[in-house]
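You will see chain A twice below: alongside chain B first, and alongside chain C after that.
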Partner chain A sequence: MPAKHLEASVRYPPGERAGAAVIELRGEIDGFSQEALDAAYAEAESRDPDIILLNFSEVDYINSTGIALIVGLLAKARASRRRLLACGLSDHYVEIFNITRLSDFMSLFPDEESALTKSAGA
Partner chain B sequence: MKRGKNRWRLWRTVLGQGSREAQVIAPATEERVRSTEVPAPEIAPNDPILAYFQNVAGIVDVEKLELDSPALREMKSAGVKMAIPLVSQGELIGVLNLGPRMSQQEYSADDRKLLADLASQTAPAVRLAQLVRQQQAEAQERERIEQELRIARLIQQTLLPKVVPQLEGWSIAAHYQPAREVGGDFYDFMELEDGRLGIVVGDVTDKGVPAALVMATTRTILRSAAQRFDSPGEVLQRANDVLYPDIPPNMFVTCLYAILDPESGVLRYANAGHDLPYRRYEEGAQELRARGMPLGLMPGMAYEEKEVLLDHGDSVLFYSDGLVEAHNPEREMFGFPHLQALIGDHGANSEGTLVEFLLNELAKFTGEGWEQEDDITLVTLQRSEGVMSVDGPAVSSSEEAGGGENWRTLERLSVPSEPGNEREAMEKVAEVAKQAGLDPGRMEKLKTAVAEATMNAMEHGNKYRAEVPVVIEVLSSGKALSVRITDQGGSPVPKSEVPDLEAKLEGLQTPRGWGLFLIESMVDEMNVASDEKHHTVELVLYLKGEGDAS
Partner chain C sequence: MEQKPPAEEHTAQKQPRDAAYWARHVEKLKVSEVPAEAINLNVEGRRTAGALQGFGQLWQKTYRIYLGTGVTPEEVVRVWKEKFSEFQPPQNRFYPSLAGVKPGEMLLINASMKGMPVYTGVIVLYADEECFTVMTPEGHPESGWNTFSAYQNEEGHTVAQIQSLARANDPIYEMGFRLAGSTEQERIWTHVLKSLAAHFGVDDPVSLEKVCVDPRLQWSNVGNVWNNASVRSMIYAVSAPGRRIFGLLRR
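Entry: the complex of A and B
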């Protein structure tokens, strides 16, 4: 197996965007990604943010197992009454988020800027 | 010719114009030159007169000779007067015996000189004649042995299979290399009911024609028993009971009989004292043991029966002792441990077949100028790595896709069933699709569909067995692209519930189960077909999207 599948790192934007955690994803979201994704999510949750934003701009592949992992994160976020957002998805994955109806439960934004700005007051 | 065992016989010939009678003692095997009325006295090999004749120089007056020799007494009573030993290169090759002169006169000094000269000149000529005869006899004996070898070889080669069976998903190889003096090796394949295959490898003690005849008989008995009995143990038991009363004393047959079910890969076997076969599998080489006495030794024997499952990529080697008992110039034996280690080393990715590999190793071991001591027989059975030898089941795409006879294969590829390999399949298919002119806007859909279908094939069809590949064929009709993804599960992906995200978020459905849903959402057509061995999913995308927004 290739060593690299998914790298995930967590940032907490300062200032008016406080209360949000950004999980930057790089690589592929598939069956190999669970550990990295869960660890990043746990880290993001540790500061009890209202919003967790998944930034997919460096993600080039998401498969059905990856979708299942995102569903898992969404369920966790809903259970702890946090808002899960997504940005940086390619047109193709936006379509997939639409047909799976993931987009009904997590707002999709073109980029991090728009996600954090538009969701700040919501 | 072994001189020490010869009886010597006195025989007589007439020299000159009948004025003298002469007799020559020569080995009993010599043909008589002239018949005689006088019975030829025999000289025993231990008679002291032989040593005397050998060492005496010149003519012997028989009447004056005093020796405790039965032959001498016989010669005297037969009226022999003079004996002239014929000695060539220190070896006594005959004796010229003369009776009394017909004129009743004594032999003169001239007579004696003439006889002595005659003897010294005759001896080498007689010796030469003897050697020529001897060589002729040896040549005849060699010819007889060669003829026997030809017959033995003919019997053997007539009865060995001319071709090896062709079984789907298996490769079978046989190699038979007779020694100069043909041993009793044999092997056989028998087609049994339900597509099963009977495999025999055996060795008859002894060599040449007797071994070939016993081999022929054993083969016939086994063939008949194999059709009557389903179990290898019973087949050997029956063969032993039939063979025992008729086999010549001191002969027996070692024999391994196995039945392969090519569908399941199960090999059942029993062994009548033959060298244990080896199974090569992922972890190395393993002996396949089963106990039993050789055929023809004792009546009423039972044969232990064992079973082994041959997985994809596994092979089995059946062989005869000619391989393991081959010697190198240092007189070391090839041996079982060496063989087992070599089989373990010969992996699925090794170059050449196992038979080629072993013959090569044997040649390295024995060195040049090796004279093969015994027959060498190798039979191998290998279950394929899972690469399909036939196409998957036929799928039928719609008229709209350009179906019918118009499909042209652009690429055929396979990936091992290992997690993550769907990406490799996806990239390769995308490359072909690009060349085929698939609308770039539809490329991502194709990639997702191919990745998901390949994952399903690896997981549900091939159970993530790395050695079982997923085979992918990419075709074009000019209007549409077809990707046919075939696994070897033989059953479709179990239909899961239509994924309902709300139910998943509530924990009422598994978060998974998106694969088929995604595929169906990505392609213009999805067709499936299964036969008992394969399952194929066909993904069809029209080359130009109609009103496609993406």
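Entry: the complex of A and C
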């Protein structure tokens, strides 16, 4: 099966959700994803949002190198005192975030709506 | 509402193709098979500790060695899994379970750091045909992951790589790493890559790239010192004669 390299795009929700940036991830997160992930994160950070939300609903493969890249983003977010959230994870990936203990540091939400609603003012 | 861990009834849903490569989530580690000569200490009942849970600066270190065109990445990783213990330096004894390097399996470690015993272990967090990753438990000198992998570069050469993403688990280890432990650790992984390359008849230098991902100390985790495997191993070693005498008296 050919690898589906990661595509990452950034959106800035309007209105009450201003102050958040959403990174939509599509494809596979592995060692080849660093460039796409770092570029999207840098773009999201450029507007100095309080919250950066990673939307995993279109991600269908993550290996351990991919998880390490997410740890790198989390370290960057914590250094700049931003909240990094995740949404759209399947049960399988929620379990991966639990075993790697990423979920100790990232709040996980079922979808974008609940992530942005619940995290507003938190 | 925040997402909770998946319930059992959800396991019937279609699993992504990486599912078989990941360990299952466990609250506390359990060691089921212990080789007779191995000391099983500081692992049973501990939680895993990732790169975010430790105390010290977070470092990503990438070690690489070129293996040429005569071997595929899959073959390299297959051999690496099989002979993981053999490629370690003599003072670093790894005891894999009978199942070998597979997701969720434990590898006990009986090591010596500058003459001090360290009895600990790691869990195989992820393993596929081209890489495997081990994760540390609480009390291990490091808190994080090591990924052992092989890939083909643009010139068609197979490259073996070790990438660690870890920080010292507590202030004692952080001090130790800054004084000498970090260099010692780099020697260990260099030795492993050289041994792997030697198995394939290659004698090349190992390259190392170091990036400090997070320079801050996590003072909120200073209490990790309670589980320090090195201190506990030292106490265990020092108290061995007493345990022997107590055992004889109880007979």
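Just so we're on the same page, the second predicted complex is superposed on the first by the 118 of 122 C-alpha atoms of A that agree within 3 Å, B and C clash if a C-alpha of one lies under 4 Å from a C-alpha of the other, contacts with A are read in each partner's own complex, and residues count from 1 in each chain.
We take it that a contact is a pair of C-beta atoms (placed from the backbone, for glycine too) under 8 Å apart; a residue touches a chain by one contact, two chains touch by 3 or more.
As the structure is a prediction and not an experimental result, all values here were calculated from the model.
Judged by the touch definition given at the top, the superposed model places A:E58 against neither chain B nor chain C. In the superposed model, A:E7 makes contact with neither chain B nor chain C. Look at A:E35: by the touch rule set out above, it reaches neither chain B nor chain C. Looking at the shared chain after the overlay, A:A75 reaches both chain B and chain C. Legend: residue contacts after superposition of the two complexes on their common chain; A:I99 is shown touching both chain B and chain C.
By the touch criterion stated above, A:K118 is placed in contact with chain C alone, chain B being left untouched.
Common to the chain B-facing and chain C-facing surfaces of chain A are residues 1, 31, 61, 63-65, 68, 71-72, 74-75, 78, 90-92, 95-96, 99-102, 104-105.
Put simply, chain A touches chain B in their complex at residues 1-2, 5, 28, 30-32, 61, 63-65, 67-69, 71-72, 74-75, 78, 90-92, 95-96, 99-102, 104-105. If you check the complex, the residues on chain B that touch chain A are 418-420, 422-423, 444-445, 448, 451-452, 455, 499, 501, 504-505, 507, 510-515, 517-518, 521, 550.
Remark: chain A residues 1, 31, 60-65, 68, 71-72, 74-75, 78-79, 89-96, 98-102, 104-105, 107-110, 114, 118 touch chain C in the complex.
Partner chain A is touched in their complex by these residues of chain C: 1-7, 10-11, 13, 15-19, 21-26, 47-53, 58, 60, 125-126, 128, 131-133, 135, 145, 147, 149, 151, 163, 165, 213-214, 216.
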